[in-house]
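Heads up, the next two complexes both have subunit A, just with different partners, subunit B and then subunit C.
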Partner chain A sequence: MRGQAHTLEAIIAAVLIIGGLIFATQATAVTPLSASTSNQHIENQQQATVDGLLATAAENGTLTDAVLYYNSSSGTFEGAPAGEPYATAPPNAFGTALNETLSQRQIAFNVDVYYVTQAGDTESKPMVRMGEPSDNAVVATRAVSVYNSSNLTATDDRQLEDLGGEEFYAPNVDDDELYNVLEVEVTVWRK
Partner chain B sequence: MNRTRGQTTLDFAIGTSVFLLTVVFVIAYAPTLFDPFVGGTGTDLLVADRAATSLSGDFLAASTAEPGTLSIGCVGTFFDVSLDEAVQGVGCGGANLNSFDDDEGFSELLSLDGRNANVTIHELGAPASEPVTPEWASDPLVRSNDDSVPSDVAVSTRTVSIEGKQYRLTVRVW
Partner chain C sequence: MAEMNDRGQLILVAGILLAVLFIALALLVNAAIYTDNVATRGGDSAGEVLEYQAGVTDSIGGLIDAENAAASGGDNFSDVNSSVAGGISEIDAAFGRNNLRRSASTDITIVNTTEGRLIRERNANDFESWEANASDVRRFVIDLDTDNMTTGSPLVVDLDGTELKINKTGGEVKVNETGGTECTTNADGTVRFDVTGERLDGATCQFGWPDFDTGSTVGIENGTYAGGSYELTIKSDDDPAWLPSETTRAVYSANIKLRMDTPDLRYETTVTVAPGEPDV
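Then we have the complex of A and B:
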């Protein structure tokens, strides 16, 4: 009897200590400022950095050049495998900026271009696909307009109005000079 | 061994080791519970973020409608560099950055409240320790109220463009 009592006493004491620890764990909250790789501050910084990247790329024209860097015969962006998006940053000025800002800091990104269809719906054309975003991914978007007189920037440099129906991923949705409004969406997350 | 005492010694050994293992586990585990809360860099992060936002979107911006696009005149005034002749005379509209040209003004402009900060503009691919010296500026684009940057700092970054070229603006607060 006394033997079992010693063992039982030890186990009860252990349960009490563990119980106290569990209670303390439940009582403390993990706040947005708690340190971890999914820190809210890091997400904010990534979002602000990519927002600035898109804003500055739109300002110096490299963003428009990147959405027009299209090869109509392979049905995708120039230099990407036929029918597929790029697996890394695009080989143009926008891609260089993405590389220097994100890839070199071990941040992965997907780039999608949303466009308006004839029916008024929105569809997307993937430009860069690096994988499935994590739960802590952040998104930044920027709209750029392309016009009938905009030239493709790849080896094919025809104007958009000279292209046949299916030769560019976005259709011409406006009777006037405007061709389509493209929304570039960048999704970033830590690798 | 006394017949009436059975296996008391063995039971006691098992009981004690169970108890001691628990105590050791708790002592090893408990301090890690508080790791997220030590350091107290929480407010520094907010200060760094606010400073980066106001610099890129307001104080240095050519227009508050286009945050990230910096005015060369404001950049020259803030970092106290002489500008090349080609871009000289470009003023800094609105914000009067001249009145914040000393360390006190720097602290007041960024609401540092006794903290130290380092503001650097560098190439997208370069580290913050290597400020850029564009061809239109006489000196590197860096400003700080304390020369030595410790390793434990709160960092905030923005992508900005000056004269159509993209740079990274990094604010470090400690």
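Then we have the complex of A and C:
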């Protein structure tokens, strides 16, 4: 009888301790060192990475080339399905940079290009759509201007001033050489 | 049996005590993580401002070059200048709207612009020889058509006394600074010599860019020995009639006052936009 009571006592004590431990670890799912998708340090790192990526692309001109990588007859960026954005990185130098810094580290991204309309509003043209960003997504932007003398960089390499009204997604908003001011917005999040 | 009942109570009390202890531990660790999370959130509030400044200077730099390139020989400085001013106000409006989406307010105003000359020759069989007063020079790039270079006779680029001899000998293009650096590359097709960037065909060619000041001159001598295209913008008010025929009046640089107010900080600065100006 006594032996049975002791065994029962030990089992109850063990269940209590294990239960308490499980509760404690559940309550602290994210420790400062755990690599979770919602860790603030990861958000900060992603912010710095994508800021740097955009700054480099703007500096070496690949960002401007990417916003001008457009097929006027299909109304999409070159190589994307008709009327749709890319589902992965674009097939150009900017896309290669996105792949090497983000895709290879299991980071998903959306890219949108904001432009000024003739009425003075802002609208966006999606360039890459990988899905719905999580709550812990970070956003980085970089502005690039295009001019009448800027050339499209895809198979069609006409100058913007030679294009018809609807042939480029952004309209001509200036009487002189400025064509439009575009803003590239990259949203990144951990898959 | 009485002893057994006491032990049951003891286990229960000890269990509750352990549970309370673990909850306290969980709360403590959570508080630490939350503090860390909040403290490191939005760590780099200057990043937004720097991104804005870089975007504005790039956009205005591109605008100045585009307006200069589109000007025709008969245009006055004020014509080009007002086109640049019109473009800058469009850029200001666009940046204002884009930043408003992120609850930041921005403003761009022109402090002043500097008059200059855009000197260029395009697809010439041989260059003209000329000299101009220039208190600054930016974006000086020569695309040499090696088939149109006279072997053994150098084209001379005179940068306020620093003479660069550009010569074709033995299948190579040589850039030679009198008594100094010599750079070579294969004489094949078109060779680009970026004078302000100090690069020959992509490779560095550090001849030492001279300091330009009031009274400095820039010019090309023996232009007839080489052909191709070149382009440079100088800070000068020389009459274009003395310079190569494609020369136009241009905006050399613009001083721009930038302001940005974000919830975190207020930033105001004046920047000089002169794309392709060498760092000396």
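By our rule, the second predicted complex is superposed on the first by the 155 of 191 C-alpha atoms of A that agree within 3 Å, B and C clash if a C-alpha of one lies under 4 Å from a C-alpha of the other, contacts with A are read in each partner's own complex, and residues count from 1 in each chain.
In this text, a contact is a pair of C-beta atoms (placed from the backbone, for glycine too) under 8 Å apart; a residue touches a chain by one contact, two chains touch by 3 or more.
Keep in mind that this is a model prediction, so the values were computed, not measured.
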item: Partner chain(s) touched by A:His41 [first = subunit B, second = subunit C, both, neither]; value: both
item: Which of subunit B and subunit C A:Glu183 touches, first, second, both or neither; value: second
item: Which superposed partner A:Leu21 touches (first subunit B, second subunit C, both, neither); value: both
item: Which superposed partner A:Gly120 touches (first subunit B, second subunit C, both, neither); value: second
item: Touched partner set for A:Val144, first subunit B, second subunit C, both or neither; value: second
item: Which superposed partner A:Gln4 touches (first subunit B, second subunit C, both, neither); value: first
item: First, second, both or neither for A:Thr56, with subunit B first and subunit C second; value: first
item: Which superposed partner A:Asp174 touches (first subunit B, second subunit C, both, neither); value: second
item: Contacts of A:Ala87 with subunit B and subunit C, given as first, second, both or neither; value: neither
item: Subunit B and subunit C footprints on subunit A, overlapping residues; value: 9, 13, 17, 21, 24, 28, 30-31, 41, 44, 48, 51, 55
item: Complex interface listing, subunit C residues touching subunit A; value: 4, 7-8, 11, 14-15, 18-19, 21-23, 25-27, 29-30, 32-33, 36-37, 40-41, 43-44, 47, 51-52, 54-56, 58-59, 62-63, 66-67, 69-70, 83, 86-87, 90-91, 93-95, 97-98, 101-102
item: Residues on subunit A engaged by subunit C in the complex (per definition of touch); value: 5, 9, 12-13, 16-17, 19-21, 23-24, 27-28, 30-32, 40-41, 44, 47-48, 51, 54-55, 58, 114, 116, 120-122, 140-145, 147-149, 173-178, 180-181, 183
item: Touching residues on subunit A, where the partner in the complex is subunit B; value: 2-4, 6-11, 13-14, 17-18, 21, 24-25, 28, 30-31, 33-36, 41, 44-45, 48-53, 55-57, 59-60, 97, 99-101, 104
item: Complex contact set, residues of subunit B against subunit A; value: 5-8, 10-12, 14-16, 18-19, 21-23, 26, 29-30, 33, 35-37, 39, 42, 45, 49, 52-53, 56, 66-69, 123-125, 155-161, 164-166, 168
